[in-house]
Amino acid sequence: LRNGYPEVIYCEGKSIEHIKGIVESMLKKDNNILATRASKEVYEGLKDLTDDIIYYDLAKIVFIKKKEIKKSKSKILVATGGTSDIPVAEEAAITAEVLGNSVERLYDVGVAGIHRLLSNKHRLLEANVIITVAGMEGALASVVGGLVDKPVIAVPTSVGYGANFNGLAALLAMLNSCASGVGVVNIDNGFGAGYLASTINRQIELALNNY
Amino acid sequence: LRNGYPEVIYCEGKSIEHIKGIVESMLKKDNNILATRASKEVYEGLKDLTDDIIYYDLAKIVFIKKKEIKKSKSKILVATGGTSDIPVAEEAAITAEVLGNSVERLYDVGVAGIHRLLSNKHRLLEANVIITVAGMEGALASVVGGLVDKPVIAVPTSVGYGANFNGLAALLAMLNSCASGVGVVNIDNGFGAGYLASTINRQIELALNNY
Amino acid sequence: LRNGYPEVIYCEGKSIEHIKGIVESMLKKDNNILATRASKEVYEGLKDLTDDIIYYDLAKIVFIKKKEIKKSKSKILVATGGTSDIPVAEEAAITAEVLGNSVERLYDVGVAGIHRLLSNKHRLLEANVIITVAGMEGALASVVGGLVDKPVIAVPTSVGYGANFNGLAALLAMLNSCASGVGVVNIDNGFGAGYLASTINRQIELALNNY
Amino acid sequence: LRNGYPEVIYCEGKSIEHIKGIVESMLKKDNNILATRASKEVYEGLKDLTDDIIYYDLAKIVFIKKKEIKKSKSKILVATGGTSDIPVAEEAAITAEVLGNSVERLYDVGVAGIHRLLSNKHRLLEANVIITVAGMEGALASVVGGLVDKPVIAVPTSVGYGANFNGLAALLAMLNSCASGVGVVNIDNGFGAGYLASTINRQIELALNNY
Amino acid sequence: LRNGYPEVIYCEGKSIEHIKGIVESMLKKDNNILATRASKEVYEGLKDLTDDIIYYDLAKIVFIKKKEIKKSKSKILVATGGTSDIPVAEEAAITAEVLGNSVERLYDVGVAGIHRLLSNKHRLLEANVIITVAGMEGALASVVGGLVDKPVIAVPTSVGYGANFNGLAALLAMLNSCASGVGVVNIDNGFGAGYLASTINRQIELALNNY
Amino acid sequence: LRNGYPEVIYCEGKSIEHIKGIVESMLKKDNNILATRASKEVYEGLKDLTDDIIYYDLAKIVFIKKKEIKKSKSKILVATGGTSDIPVAEEAAITAEVLGNSVERLYDVGVAGIHRLLSNKHRLLEANVIITVAGMEGALASVVGGLVDKPVIAVPTSVGYGANFNGLAALLAMLNSCASGVGVVNIDNGFGAGYLASTINRQIELALNNY
Amino acid sequence: LRNGYPEVIYCEGKSIEHIKGIVESMLKKDNNILATRASKEVYEGLKDLTDDIIYYDLAKIVFIKKKEIKKSKSKILVATGGTSDIPVAEEAAITAEVLGNSVERLYDVGVAGIHRLLSNKHRLLEANVIITVAGMEGALASVVGGLVDKPVIAVPTSVGYGANFNGLAALLAMLNSCASGVGVVNIDNGFGAGYLASTINRQIELALNNY
Amino acid sequence: LRNGYPEVIYCEGKSIEHIKGIVESMLKKDNNILATRASKEVYEGLKDLTDDIIYYDLAKIVFIKKKEIKKSKSKILVATGGTSDIPVAEEAAITAEVLGNSVERLYDVGVAGIHRLLSNKHRLLEANVIITVAGMEGALASVVGGLVDKPVIAVPTSVGYGANFNGLAALLAMLNSCASGVGVVNIDNGFGAGYLASTINRQIELALNNY
């Protein structure tokens, strides 16, 4: 583990007792700890273990900070199509932040009202890596991909119903993006997007002699 | 059959002899005839039956004109995402035209280069009904649907490969459009889109006392 | 927003507190407000905010009326195959009504008893736009589409079980309708059908100089 | 094998030499022989083996008649939605006939023009078993099932394109028929439908003391 | 409605109040009433309306008997692969019985222990119509279809897990049965199987002059 | 590579020149060579490279024998449902043989005629490992699995049409087998089945001190 | 039933009363009893029936031991990709143990940290049969299959989300393993894997004259 | 277009005449031109238009070089699982090269023989961005992703058969990778992977002041 890099727990499907046990043994190493898909109850179960603990409820992330986190010069922008996509976007954003990245947010700029996105084009241009989070027909990734010549990470969300098939519609749309330069992660996988963006950013920071 | 309304033959999977027989018996009624999914060979097989025959090779349509076609005042605009979608768009456009509609074309305005579409916004605003034809991720329908408050008919095309699954990606995207006011037809069904647009236009023309 | 046009909230997956916040800020603009997929609890949470509020429980719609709604001359007919399809049909009908349309209902006329539909053919003929709502095998759209030469909007519902796959059977059937002039919206998307019908109707009203 | 019952060969994917070998050894037993999915070339390869051979090209069936076939009193009616469904319907009809059944045909009575079906209702009422053959949205089975109280065998065909998925749309529709009393066979399985109808008819003939 | 034929209510997704209302109005006509997919609570809600009411809890059927039911001479046999398939089998059996048919049961004769089925072959031979109910790989229909030359109705059940996909595995297996003479109904559709068997049986009874 | 073990080439999609190059370089090591999915043309292209070459045309296998192959004491039995499954079965059988196993064949014992299988039960009992190869509904694996308490390897084949979906029906059936002790390989993967059977057999031979 | 072989109950979807009844009647035969998919409540319901009862809560297995179980010389190794796969692995391991096999465990050796697996290669080499249990992308089966020349049984688990489709991703990966010698069972089917491994082991024990 | 950046043509489904027309008009602008999915025939049709043309037949790419291409300091490594994946890998590699990137190749290092990959770990560590190209079960992406902390772009290929469903198995596996930091592109989309890698590399070069 590089300095400041957190150890990661995926809480989904694990009992609070089980998670507590893992965290306790991790705490001995004095590393930062990132627990994703953590319900409020998980946080309640962990919060007496240490003072350096914080709960991001939108992102459903518990973070325990034992070491300082360096802040990258290069920037990751996280954009969403709607407000319902925000929880997944926050999972991506918080993940990227605790991995040492500067993160910007640009939420609710979906293609049904394309002008909100276009009037924020300067923010797209300032970023080094862009994460687009969208459900329903997932068109945001293509429009953003067409506007910039930068790595775009697309996260389909399970927002929608009927022939959405729990995010399949957005997933297929993103894989078939007519814009070049789009890489896709699993449905609702904010963590994976934040992590991938971070690996990209890290290469940039290394080039900047920032690591 | 209303005056000027064509009889329709769907040629896919029918032998030229079979199609010829159908056309010959139709010709006795002196109506216009619209044959879709007609290969060049079908046209060759039919062209000696009558002088009033024309072949639209992009649209793969044979049209036999025995009666004058009235031209609607209200307009149908057919837009495509890419150039590969043009054959399906032409099937829609020619179908609408021979059903008596004024048709405009706006091709290759896909979302990967959103500015081409935006700089043609006035053309969207002039139309009464819009047909959007797109493959890959099919995002055009959503962007157009967000720009106008008019009926938008979405035609997914089978243009694409891999996880496109022969048009499934675009189909699902269009059914899940985050813009309201979008009705979807079958993959590659230009005819159906042209026909549906025509039924809408006809209600408008009736209101205008134009029929 | 055109005069009388409501602002729209989609309540599914939003907390009552969240919805309340949105409505409160919308109320400042004095527009009508349409909240779809609203449970009884959502209504309870909103009803003290204003007197001009009404709950349509079959449709699961909350409507807040601040401005008068003009009534269209041209008519939308909403038909269902069975009684289980009525909630989706009501979502379509109420949506269309609050968007200013005259709406008629013709429920439980499914194809297993074709004569009930046929004995109501005059009602199909009086309408300008028809919405067909059906689950199971979704055949209603095809039969209606064959009886009239008007725009037919087909809404597949998730009514059924087993190989119905939550509405997929009806969705595919409607996309493959052997009758021309059918546009399909997402499974259970009554709102989308009502909205699309309304965009069509609006073009007719404009032609009638009724807007 | 009951008297007059044919031996059956399914020719798809078998070489002509292979089929010829099977037929030659079958001929020794002097039974009738039914070869399905037989191309013209298969027939050419077999026709010198015996004089009692006939080729049904629409049905793609070769039949070799060595024993007289009794004709049932009760009747099987085979109905199709369109003309493209006729080859599958003929596979069903010829199969049923060579199995000893009286077979009627009622073709091209699809639901987009419901009146052609309704004006033939007496023919539905005269039959004891009805086979409905339809592609696209496969609605014919439901409408027929609603009109009669008899066993209806539904054969989905692969006629269609796009979201038809080679007959899947019709298959799902038929499995979800809102009319009771419908049994479904595999896509394009005319043989299976003819055979099943024949087993039903045979029970009736036994009751009539006709066997 | 023929004499003794019940009116049918499908209770799934209907409120008890709604069902009660339907039954009350049906009771005025003094016909028998068959309510399927009825929970114990539905029965509790109905049982004070009439004395002639009975609840089949395995089948989840409420039956109200106002008219005598004739018993057919010809027999329907209902067979299952496992004990978990019995509820669906009972839905089929009770449905057939209240429609006036003699019904036999042969449960838990699945193909993993083929000898239990073979040692009951005489029972298969005594029946006129056979309903096979099976989940998992649904092989029972094929084995039974190979043993008899009678109509076999196959009901796939949703018994299974994982790649069973809620009955899809059994459904596909039954549609692809290598034995001829098998007609398939929807997953878990015991009612449909019982009804179809009854339409077949009725043709036999008519031939026997038993109706 | 163990003594006598062949090197393996999968020829599908490789050009003859490419295959020839691979074989030439392999020949230098003097090992046996097994080339699967090899068309007649591939064999023609290879046959001048060495005398010790043989073509199994049913199995589409080219085998080059440079070293003697030991014969196992324990036996693999390969069974098929129909005759159309034989090519896949032969791929399995020849693969197992060139890997040093004693192989028996039991073809065309599908469940539609269960007695042919049952009258060969002694052959199932004599084998140590059984490979069942079946298309359509793939029920053979379940019936065999129920008759013996031995490892059963199930190979679904793509034999079938329509809702068979190129072997998916048989694959799902085999994965859901109600008989225990069945392991499944990919559709048409005779090679994989033969190889897996061979790894099992090898453990037995090692126990017998036969290796 | 061979000596010591348990009778098996699959508890999923059965009521505790029902299970109790089955166990009571089984107890009369004094065989061992294996109840899978048994919740804690099932165990509570059974534990007063006999003293020889034990509950494996990770595996969700109740085992009743009435006869001694012989221990095999040859070994089954059960490996998992992650910790979330352990319940399925334990179902396999306990099943194999109560069927008389020596079982080793090697958990949490997934491919994202390939070195943990490689540093345990000796344990793979000591085993006679290997069961690999993995969710997500299921790559463990391929890597293990490439490292050893032994039968590998692959169990996909439903661990994952989104485009995992409840285990489908791992199932397809395992069926398409690029390593030879892999047989696959149903998603989450630990029982089936343990049973299949046991049938293989039994052939080895017979060869060792250990049975 | 940035200096040296090629214009891109996707040739699939376009006629040679059409492609020629596009290239001729592009040539006027004196930019580099990249034509993907170009058959040998396409190259033959274009080669007389200019001298600066080259055909990469494995990659099926035509490249016309009118401007010098700068070479990046940071490196893209392209790895494949098998030799059948090489055409897709070459599409990625050539694309990245003509976009100005240094590209390394590491082919045929699939997980069935994990040691070939491990013995090349230094090459993984020297790269800044890694593209993994794999068919069948697509496990390479996960293993590579676990070995390095760098952006990994995963390209599923359609190499495989049966339950591979033309690349679906590898696609799902890659989307569900248990290793973090993996972004996925469409099946066989070598171009997209090369392009995405290039956008990442460009950010690194900008940081290095190399652009």
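Every chain is named by a letter (A, B, C, D, E, F, G and H) in the order it is written, and numbering of its residues begins at 1.
What we mean here is this: a residue touches a chain if its C-beta (ideal position, glycine included) is under 8 Å from a C-beta of that chain, and two chains touch if they have at least 3 such contacts.
Please read all numbers here as calculations on a predicted model, not as lab measurements.
**Student:** Of the other chains, whose C-alpha centre is the longest way from the centre of subunit B?
**Tutor:** Chain G.
**Student:** Express in whole angstrom the distance between the two chain centres, defined as the mean CA positions of subunit B and subunit D.
**Tutor:** Taking the average C-alpha coordinate of subunit B and of subunit D, the gap between them is 37 Å.
**Student:** If you average the CA atoms of subunit A and of subunit B, how far apart do the two points sit, in angstrom?
**Tutor:** 42
**Student:** Once you find the CA centre of subunit A and the CA centre of subunit D, what distance in Å lies between them?
**Tutor:** One centre to the other, that is 58 Å.
**Student:** Going through subunit G residue by residue, note those that touch at least 2 other chains and give them in order.
**Tutor:** Expected reply: 162-164, 168, 171, 175-176, 180, 186.
**Student:** How do the chains pair up in terms of touching? List each pair.
**Tutor:** In this structure, the chains touch in these pairs: A-B, A-C, A-G, A-H, B-C, B-D, B-H, C-D, C-E, D-E, D-F, E-F, E-G, F-G, F-H, G-H.
**Student:** Where on subunit D does subunit C make contact in their complex?
**Tutor:** Going through subunit D, the ones touching subunit C are 81-82, 110-114, 118, 136-139, 142-143, 145-147, 160, 162-165, 168-170, 172-180.
**Student:** In their complex, what parts of subunit G are in touch with subunit F?
**Tutor:** Listed in rising order, the residues of subunit G that touch subunit F are 2, 8, 74, 128-129, 149-153, 171, 175-176, 180-186, 191-192, 195-196, 198-200, 202-205, 207-208.
**Student:** Which residues of subunit D touch subunit B in the complex?
**Tutor:** 84, 159, 161-164
**Student:** Inside the complex, what are the residues of subunit D that reach subunit F?
**Tutor:** Subunit D reaches subunit F through residues 12-14, 156, 158, 166-168, 171, 186-189.
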